[in-house]
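Chain lettering (A, B and C) follows the sequence in which the chains are written, and residue indices restart at 1 in each chain.
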Amino acid sequence: MSTQSNAPTTEDIELRSEIDRSLRHPVMFFFTSGAAWLAVSLVLGIIASIKTHNPAFLGEGSFIQYGRAFPAHINALVYGWGAQAAFGVMIWLMARLSRQPSRNAGTLLVAGHIWNLGVMLGIGGILAGHGTGKHWMEFPTFVWPVLLASYAAIAIWVVISFRVRRGDDEAYISQWYILAACIWFPWIYLTANLYVNVFDVHPLMAAAINGWFRQALVLLFFVPIGIASAYYITAKITARAVYNYSYSAGCFWALAIIAPWAGFHAVMGSPIPMFLQYTGAAASMLAAVPLIFAGVNVLKTTSGQAEVLAHSPSLRFTVAGVFGLIALAVLGVILAHPDAIRYSQFSLASYGYDVLALYGFFSMCMFGAIYFIVPRVTRREWISRRLIRTHFWFSIYGVCLILLFCTVLGSFQQGAAQENFNQPWKQAVKSTFPYAVGITFAWVAILWANIFFFIHLTLMWLRLGRRSSHPTLLRRDHSALGPHGPEGDIDELESAKA
Amino acid sequence: MTFKYFLIGMFASFGLAWLCMIAIPTAKMASLPPVKMSGEEDAEYYQRKTSGRVLNGAQIYAANGCYTCHSQLIRPTYLGSQIFRKDFAGISNADVDTRRETHYDDYLGEKYAQIGLTRMGPDLSNYGHRADAYAAKTGMSAEQWTIAHLYNPRNQKLQLGEQGEEIDMTWSNCPSQLQMFKEKDLVGQGDSLALNINTVAMTQVVPLEQARVLTDYLLTLKRDSALPESMNNAPKNSGAAAADVK
Amino acid sequence: MSNQFSNHRDTPLRRFTAFWWGLAYFAIFGLVSALFYWQSGSPVDAVAQVRAADRYEVRAKVDAAQAELLPPAGATDKLTDEIQGGPQATDQFVPGSASHARAMEQLASGGDEAANEGFKLYTAKACNTCHGADANRPISPAYPKLGGQNAEYLLAQIKDIHNGVRTNGGSAVMKGMTTAMNLTEDEMKKISDWIASADKPVVELVEGDGKNLYTAKACATCHGADANTPIMPIYPRLAGQNSQYLYDQMQAIKDGTRANGQSAVMKGIMANVSEEEMKVLSDWIAGQKADQQ
């Protein structure tokens, strides 16, 4: 976002606060219910992870056996947390960038509740033994139309918001990314569900389209929203324009052209047409290009701003997320190569890729956005910088551990042991044990981080945040007078002004 | 970039991929032509035969997440070596070698090919043959062996080595499917599929319908039928090269 | 206050169109997928179809060969007509069926007052239990059909049986019935009158051994050449009577077991008739064809 001057006009401020106020209910709902689902997903993830090295943990009850806990964990992460964080950021960001208050907060809130209901029924269905067995689509089949309908009720307002945007400037790159993600989600979700759950298709094609769905959801929904949020946060906080606008537009179109072809390498080696397998692999590898360029573009926007990075939680999370994006791109290249697929296809590598995409990149960007948005929407500041720091660092530890154990070390080790066909199968499983334990520790670290986040967010939602005009920064810089004006209770200051 | 070009660009970029990768391949896979077993005039067509309650069992397999740890795919040798692993790809002994990679008709009867996510457990493409082998070693029927495995995968009595010694199974992290079993009073001679474990006197643990249906499905997993000559990738001088022209 | 008036894009029309076009754009690939799938169809089992095509080919060949071997259509029509037109071996007369109800109605309503009363008596006195509801369907071939019989003959027989003058065959059983039902002479008359008015059994008497014997043994002189026109009303009509009954009566009259009425006269004639001849005669009078014995 390019600003002619750093000082916003009064009109701008009032407009912004009006936009924030109009969306406070749906946005806070999406963030808090999303964070709740994140907590659920992490607990399920830990249980699932422990079950891989200690199957008798918590008894032999069927609803938490690995085969049910693991799909429930992933689906809660994707639909419970990922989608709702995306929704919250989507509606707020589009409203802000379109400079138009929302008039449909009620509809958004209702739709959000219906989404939550759908996810609840879905997770309950999986744990009760009614999962469909199609990865990332394990919700019982009656759930997906409910989710799609409530999604439409949410996303249509984003589209309308874009169409009635104020001002005659060219639309911001974040707006294009968000609009595209809004449109891609139903395209991907509806197409995949129709082909896999409704139409009568060859069983291998159903499995292949499921693989496509997973990759497409990452590359065409989570990635664009994460990038949109990253561009906005970095530009806003560093008060600079995006490093290179034409790069960002080019990256967008590159992603749009390449990403829909990706994903079929998930079923490489199966008797589906060769063209599908190898095109999918090639597209996944090629998709690294727009991802890396977008990441570099964002990082360049923040270059020379180490101070700001050290202070601002939003920027720190976002930049960490962008590093995650670059790591994701590189990992995607590695894991899509047929020589690597030999070892990694049936190992924990794809799980590591999913976690990196959903948590290492997307969630970190979303946390950055949430730390930015929530104070503006609730008109309160975050209570404790320590909680934010804990959240940040333990997330980083967890992501790095998972990256290390799941994908880099564990998976190739596991794959190599599997390939060693002269050794009994026991070797392949035993070699994974230490990494399975490591993954459990990683998830515990992430849960630890997010417990504090959840508490923090809930307190903010209950409007128990700090009443201050100074944002909560990660460094305590004592300055009575700074760019934010005198420190004091935000409401008092406002009434004093008026 | 204007809104109009944006919409057109989105539709075109996604649509081309959709058409080439999803719509057309699915349509083509729906009408695969029949293949003759050999080039001869009156050769039979290749038709894989299945039996058992494949569809119901596949649903139970999916609902309990077996696919999260077990795969059902024998990849070609340029993508993986599991075809050489004992018992994964078929029967291989002095007399006969039926090992082969997965064929597109192998998932016949199921709606969704459960290729699987990871291989924490062994590949199940030819589980039927493995079950027969285990059952022969331990003196149970294949059905009994599978049901006993579902109850307790770490049961050391199920895996016997060359000299009949018990093989360590503590490394297995396959979940026990206890919800598929029930303890019932022992009546008469008891259930033929009751588990051979010590319960309180006068009761026995019997598998419920779920276990039987799942077992039925698992025992149909024998994907080593002879392929037509045109699709047989076995090396010329291996036992599997000669396709059975029946 | 927001300066909404400064946003020229925010119009209700734009919102409305964006809403509907937006939803349509969301759904477009779902629709396109559905159309494409509908047009391309669900998976076909190609091998099963090829095999089925083979089987249909074989079936077509078999059908053609069979069609060649079968007689042309209409070849059996004449045979069918003959079978259906000839006398029925058995009559389907199931109580409760529509034909039964019609027949009963006919019986109850046709004729005059006296005849109707006779029919009611016939039914009330349980004569129908042995001789049939219309007096023409006795329950046993040894019991006589009565329909259309001469009234005088009938009355004479009922009296003779009731009084113990006639004792052959099932007479004892019938005596028990008439006694149990307390038949009065008046009732007997009415019943006989009604029976006489009932339909005669329809029968076709063909040429052949039976007819020759019938003439040769002088049966025709008393019972009529067609066995249906006896010279005196006290003699019974015979045509269509149950073969078994006829045979039994001939036997009984010959050996004297039956001695009522004009039996003595007939006894002399029967002395010349052997058992085989009696059989041929009774079959012929009953209306059976020679080859149906």
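Here is the rule we use: a contact is a pair of C-beta atoms (placed from the backbone, for glycine too) under 8 Å apart; a residue touches a chain by one contact, two chains touch by 3 or more.
If you're wondering where the values come from, they're calculated on a predicted model, not measured in any experiment.
Trainee: What chains do subunit B and subunit C have as common neighbours?
Mentor: For subunit B paired with subunit C, the chains in contact with each are A, in label order.
Trainee: Write out the two chains that share the greatest number of C-beta pairs in contact.
Mentor: A-B
Trainee: Averaging over Cα atoms per chain, report the distance between subunit B and subunit C in Å.
Mentor: Once rounded, the distance between the two centres reads 65 Å.
Trainee: Using Cα averages as centroids, what's the distance between subunit A and subunit B in whole Å?
Mentor: 35
Trainee: Measuring centre to centre with CA averages, how many angstrom lie between subunit A and subunit C?
Mentor: That pair's centroid distance is 86 Å.
Trainee: Scan subunit C for residues touching two or more other chains and write them down.
Mentor: Answer for subunit C, listing residues that touch two or more other chains: 25, 28-29, 33, 37, 42-43.
Trainee: Touching at least two other chains at once: which residues of subunit A meet that condition?
Mentor: Expected reply: 163, 183, 187, 191, 195, 199-202.
Trainee: Among the residues of subunit B, which ones contact at least 2 other chains?
Mentor: 14, 18, 22, 26, 29-30, 32
Trainee: For the complex, give me every residue of subunit A touching subunit B.
Mentor: Listed in rising order, the residues are 51-55, 60-62, 65-68, 70-71, 129-135, 163, 170-171, 176, 179-180, 183-184, 187, 191, 195-196, 199-210, 212, 249, 253, 256-257, 260-261, 264, 267-273, 275-276, 279-280, 338, 341-342, 345-348, 350-351, 414, 418-419, 421, 425-426, 428-430, 432-433.
Trainee: Residues of subunit C touching subunit A in their complex?
Mentor: Contacts found on subunit C: 1-3, 6-7, 9-11, 14-15, 18-19, 22-23, 25-30, 33-34, 37, 42-43.
Trainee: With touch defined as at the start, can you tell me which subunit B residues reach subunit C in the complex?
Mentor: 7, 11, 14-15, 18, 22-23, 26-27, 29-34, 45-47
Trainee: Enumerate the contact residues on subunit B facing subunit A in the complex.
Mentor: 1, 3, 6, 9-10, 13-14, 16-18, 20-22, 25-26, 28-30, 32, 59, 61-69, 71, 73, 75-76, 79-82, 84-86, 101-104, 106-108, 110-122, 154, 168, 171-179
Trainee: Considering the complex alone, what residue numbers of subunit A touch subunit C?
Mentor: Of all residues in subunit A, those touching subunit C are 11, 14-15, 18, 99-101, 152, 155-156, 159-160, 163-167, 183, 186-187, 190-191, 194-195, 199-202.
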